[in-house]
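Each structure below appears as C-alpha cells.
First chain A sits with chain B, and in the next complex the same chain sits with chain C.
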Partner chain A sequence: MSDWIAIGAMGLVGVGLPLAMMAVSALLRPSVPEQGKSATYESGEVPTGTARVQFNIQYYMVALLFLVFDIETVLIFPWTVIYRSALEQGASLATVLTPMLVFIGVLVVGLVWAWRNGAVKWVKSPQASRRKTERKDA
Partner chain B sequence: MTPLQTLPEWAATAPAIVLALTGLALLLIDTIDPDSTNNGLLAGTATLGALAAGGIAAWFLIGGTGMESTGGAISLYGDALVVDGMSLFFTLIFTSVTAMVTVASYDYLADEEYQGEFYSLVIFAATGMTLMGMSNSLATVFVSLELASLPSYALVAFLKKDRGSIEAGLKYFLIGALSSAVFAFGISLVFAVTGSLVLPEVAATLAEGTELVGVLGLGVLMIAGGFAFKTASVPFHFWAPEAYEGAPAPVSAFLSSASKAAGFAVAFRVFTVAFPLETVTAIGGGSVDWSLLFALLAVVTMTLGNFAAATQENVKRMLAYSSIGHAGYALIGLAAITVDGGAANGDVLGASMAHLLVYGFMNTGAFLFIAMVEKWGLGRTFEDYNGIASKAPIAATAMTVFMFSLAGLPPFGGFVSKYALFYSAIESGFWWLAAVGAVNSALSLFYYSRVVKAMWIEEPSKPLEIGSQPVGLYVAVIFAAVGTVLLLPGFQPVIETAQTVAAALF
Partner chain C sequence: MSLQAVLPDTISGLLGLEGVLGDIVGGLVGAFLVANIMLIMTAFAGPWAKRKITAAFGDRIAVNRIGPFGLLTIVTDAVRLLSKELIVPEGVDRPAWDLAPMVIPFSALLGFAVIPMGNGIQLADPETGLAFAFAAASIASLGIVMTGYASNNKFSLIGALRAVAANIAYEIPLVITAASVVIFAGSLRMSEIVAVQAEPLLTVAGVTLPTWFAFVNPFAFALFIIANLAEVGRNPFDIPEAPTEIVAGYQTEYSSVYFVLIYLGEFIHIFLGGAIAATLFLGGPAGPVLPGFVWFTIKIWAFFLFTQWARSAVPRLRVDQFLEIGWKGMLVLSFANLVLTAIIVGVIA
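On to the complex of A and B.
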C-alpha cells in the first residue's frame, strides 16, 4: 500500500473528527436559546454597539507599501547568503554589489514618489475629523 | 557603423533599460512638486524615452545584433533573457505605439489629475512588453507578462470618476488575474514534465521523449490559454470589448496594439522554441499538435470578431471587436506552421509579425481619432460621427485611411500585410485559413465603411461644434496615418526583416 494513505487518513480524521463532534452534540443537546447565551462574549463586559467598526482607509496604503517592501526584503536574503562566498571565489565587488544596489535603487525611487505624493500621510475622512473635534469639545 | 562587439553583452537589453530608466525618471519628475503637474514635461520625457528605445532597437536591428551574421542570439543572465532579431523587431512595434500614445495623451489628459502616474504606468507597461519579447525562460515570460499587465489594469480604470472606466478596469483585472493563474499552472505542469523552465532546455528534454504526454498536453493547453487572454483571442476574448470601450481612448490604443503584439511575441517564442512542432507531435505515444489548436482558434477568432463588429452601434466597441478579428489574422502565423515546412514556417511567422507592425500603426491611429472625438465631446455611436469631415477634414481623412487599411484595401499598408500573410499561409498549404481570412476581410469592409460613410456622407442631426484643435492628438493621428500609407511602398524591408528574424527561430 502507498505510504500516502497515512497522510490521507490523517487529513480525513483531522477534518472529520471536529465535524462529527459538533454534529453529534447538536443532535443530542436540548435547544434552549436565551438572551444571556446568545449575546456576544466580550470578556465579561456588557457589549455596546456592533462589532462593525470602520477602519481608517489609510491602513490600506500602509499594507500595500508594507507588502512591497516585505517582498523586497525576502528577495534580498538569497543575495546576502551568497555575498561572502561570491567575493571569496573571485567575483569583483562591483559585480556582486551593483545588481542589488540597482534593485534597491528602483524601490527607493518608488518610495520617494509615494512619500512625496502623500501615500503615507495619515488622512482622516471628513466625518471622522468632525467626530474627533466634537469629542474634544465635549 | 560602430562595431557592436565593443559594447558589453548586457547592453543588448538597452531598449528595456532605457524604458525602465524613463519610467523612473517620470516618477522623479512627479516627485519634484507633488501639488502641480507639468504635463508637457512628462509627456515629452515619456515620448523621448520611447523614441530613444525604439531608435536603439532599430540601430541594433540594422547592425545585425543577435542575428546569425554577428554570432547568433545573445543569451543573458543564465538564459533568462535572449536578444535576437525577433525581440528587436517587436521592441520597434511597442516603442512606436508607446510614442504615439504618449504624444496623444498630452492633450487627452490635459484636464485630468494623476498625470505623472499615467505616463509612468504606460512606460512601465512598455518595459514589460519589451522584456516579454526578450524572455527565454517561462519564469521570465510570466514576470514580464505581469509587468505589462498590471499597469494596464490601472490604466484602464484611470478615469476614477467615470463608471464605465472603473467597471472596465475591474472586469479586465478579474479576468486577467484568472488567466494569469491558469497560465502559471500550465507553466508548473510543463516544469513537472521537463524539469526546466528555460525554453531551449524544455525542447531538449522533450526531444528525449517523455511518458507524461497528457500532463504536457494539459500544460501546453493552459499556456495557450494564457496567451489567448493576452492577445484577446476567442474563447478568452470577453474582457476586450469591455476594456477597450470603458478605458480612455489612448489606453485602448495602447492595449489593443502594443499589448496584443506583446502577447504574440511571447506566444511565437514559447511555441516555436520550447515546443517545436516536430518534437511535440512525435512524443511518447501521443501528439500535442498545437498548430491545429491555433488553426481552430484563428478561424473562430476571425469569424467571431468580424461578425460581432458588424452588429455594433458604438464605434469604440466596433473597433474592439475588429481588433479581436485582427488577432485572428495574426494567429494564422502560428496556425500555418508545419513539421516539414522549412522556410515556409519562417515566412508565415514573419508575415504575421509584419502584419502586427502595420496593425500597430493603423489601430493606434483609429483609437486616437476616437480619443479626439471624445475630447470634442461628440458622442460614441455611429450617428454621432455624422458630418465630422466638414469640420475636421484632415482628421477625417486620416480616419478614412485607417478604416480602409484595417479592411485591407489597396493603396494602404493593411493591404500588403494581409496579402503577404494570406500568401504565405497558402504557400504552407493552409489555403482554407487564407480563404476564411479573405472572406472575413471582405465582411469587415462593411463595418469599417460605416464610419467613413458617417463622417463624409451623412448630415449631422444637430450642428457640430468642434471647439479646439488639440495639437498632440493631431500629431499622433497624422503620424499614424503617414506611417500606414508609407508602409505600402516601404513594406519590402519590413517583411524581409520579419521573415529573416522569424526564420532564425526554426
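On to the complex of A and C.
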C-alpha cells in the first residue's frame, strides 16, 4: 500500500514540477503579440488550410496489429513469472511450455497473414505516385 | 515486502512519523528528491553534455564555452529558455496544446518511481514494478499525439503519427525481450530482479563475473538496447523528429517553457530507458568498489552517451524501412528469443 502512496506522490511531483516551471516562465517572459507571428510554420510560406486532414491509412493498420500483440504481451507476463518456479516444483516441461507455444504459434500465424497481406509494408499512395509521374512526363 | 527499506520509509523514519501520515510525507519528500536528481542529470545532459558531445563528433566549436568546462552554459540556458516569449499559433486546440508539455515529462518521471538507484534510493518497490515502468513510459506517446494534433501544423501531425507508429512497433520487442529476463528472475519486482543478478556466474582469472543478464543472455541485451533506441527516438530511429524532413516533428510549434518541458521529458525518457536497461541487464546499481548510486549513474550515462554517439554517427532510416525492421525483424527475433530462453531454462532446470 505504501508503495502506491509513494507512486502517487511521484505523480503529484510529476505534475507539479512542469506547473512550477510554467509559472516561473510566465513571470519572466515578455508578451509582444504581433500580426504574422502566430502563423503556423510551413517553411516560410503562407499556411494553406488546417492540419486536420486525411492521412495515410497505413498508420491505422499498424495500430490494429499493435493491439493484438499488446494484449498478447499482457498475457505472456504472468506466465514468465511463474515459469521457473513451476518447473522447480516438479511440473513437467510439456505442461508448462506447450500451451504458451501454441498461443504464440497462433499469433505468429496471424503475423504471417498480416505480413502477406501487406499490412506492415509501407504502400506508396497511388495519388502521390501519379502526381510524380505526371510531373516527369511534363 | 521488499528486500530492503525503500526511500519513503527511511525519510519517515528520520522524521519520526508513523502510519499513513509517514507514508504520505515520506513519499512526497522522496518523490521530490528523485525528481530533482533526474532534473539535475537532465540539466547536465541537455544544455551541456549534448553540445559537448555533438561538437566533438562534428569537430566544431559550439555554444559550450561559458565558465569552467562550459558548465555555466547550463545556467545561461535555463534563464534564456524560461524567459523566451511563448508564441501561441493560430488555431491550436487549447487545452490539449497546453497539457501535452506536462504529460511528456510526467510520464518519464513517473517511471522513475520504481527504479532502484542504489544506496536505498528507490521510491517504491511494488510487486508489478517492471510492468509499471513500461506502462508509465508509454504514457509519453499520448502526450506526443496531443502535441501533433493540437498544434494545427502539418509537420507536427506527421511527426506525431510517425512517433506513435515507431513507439508501437518497437514497444512489443522491448517488452517481450524484458519478459525473457523475467523468466530467469521469476519476479517483476525491481529489487528482486536486481538481487537475482548478484549471484556469481563464473570466475575467470580471479575475477568473478556476476549473473548480470547481459552476460547470461547477450542476444536479449542487444535486442533490448536497439528497441530502446527506437523508443527514445534517436538515430538511426529518429524519424519522429527528422529535422531534414519534417522540421522538428511534433514539437515544431512549441516555444519557450513548453519547448523546454517537451525536451526535458525526452531527456528524462532517455535516462529512464537507460535505467530500465541497467536494472534488467546490468545488475541495477551493483558494481565493485564504488557506491551503488555512482554505478547507477555511470550506467544510465553510458546509455545516454550511446544514444548521442548513435545520433552523431548513424544515418537515419526511411519510415518504411523503419517499420519493416520493427515488425518483420525485431518482433520475430524477440519472440524467437523468448521461446528459446524458455526452452533453455526448461531443459536446465
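One rule holds for everything that comes next: the second predicted complex is superposed on the first by the 79 of 138 C-alpha atoms of A that agree within 3 Å, B and C clash if a C-alpha of one lies under 4 Å from a C-alpha of the other, contacts with A are read in each partner's own complex, and residues count from 1 in each chain.
The rule is simple: a contact is a pair of C-beta atoms (placed from the backbone, for glycine too) under 8 Å apart; a residue touches a chain by one contact, two chains touch by 3 or more.
For clarity, every value in this text was computed on a predicted model and none was experimentally measured.
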| item | value |
| --- | --- |
| Touching partner for A:Ile57 - first (chain B), second (chain C), both, neither | neither |
| More chain A residues in contact [chain B versus chain C] | C |
| Chain B versus chain C as contact partner of A:Ile71, first or second or both or neither | neither |
| First, second, both or neither for A:Val106, with chain B first and chain C second | first |
| First, second, both or neither for A:Ala20, with chain B first and chain C second | neither |
| First (chain B), second (chain C), both or neither touched by A:Arg116 | first |
| Residue ranges of chain A in contact with chain C within the complex | 1-15, 17-19, 21-22, 24-26, 28-32, 37-43, 50-53, 55-56, 59, 62-63, 65-66, 69-70, 73, 76-77, 80-85, 87-88, 93, 96-97, 100-101, 104, 108, 111, 115, 120-122 |
| Touching residues on chain C, where the partner in the complex is chain A | 2, 6-9, 20, 23-24, 26-28, 30-32, 34-35, 39, 82-91, 101-102, 105-107, 109-110, 112-114, 123-126, 131-132, 149, 151-158, 161, 164-165, 168-169, 171-172, 175-176, 179-180, 182-184, 186-188, 247, 252-253, 256-258, 260-261, 319-320, 323-324, 327-328, 331-332, 335, 338-339, 342-343, 345-347, 349 |
| Chain A residues within the chain B interface of the complex | 106, 109-110, 112-113, 116-118 |
| Sites on chain B touched by chain A in the complex | 20, 24, 27-28, 30-31, 34 |
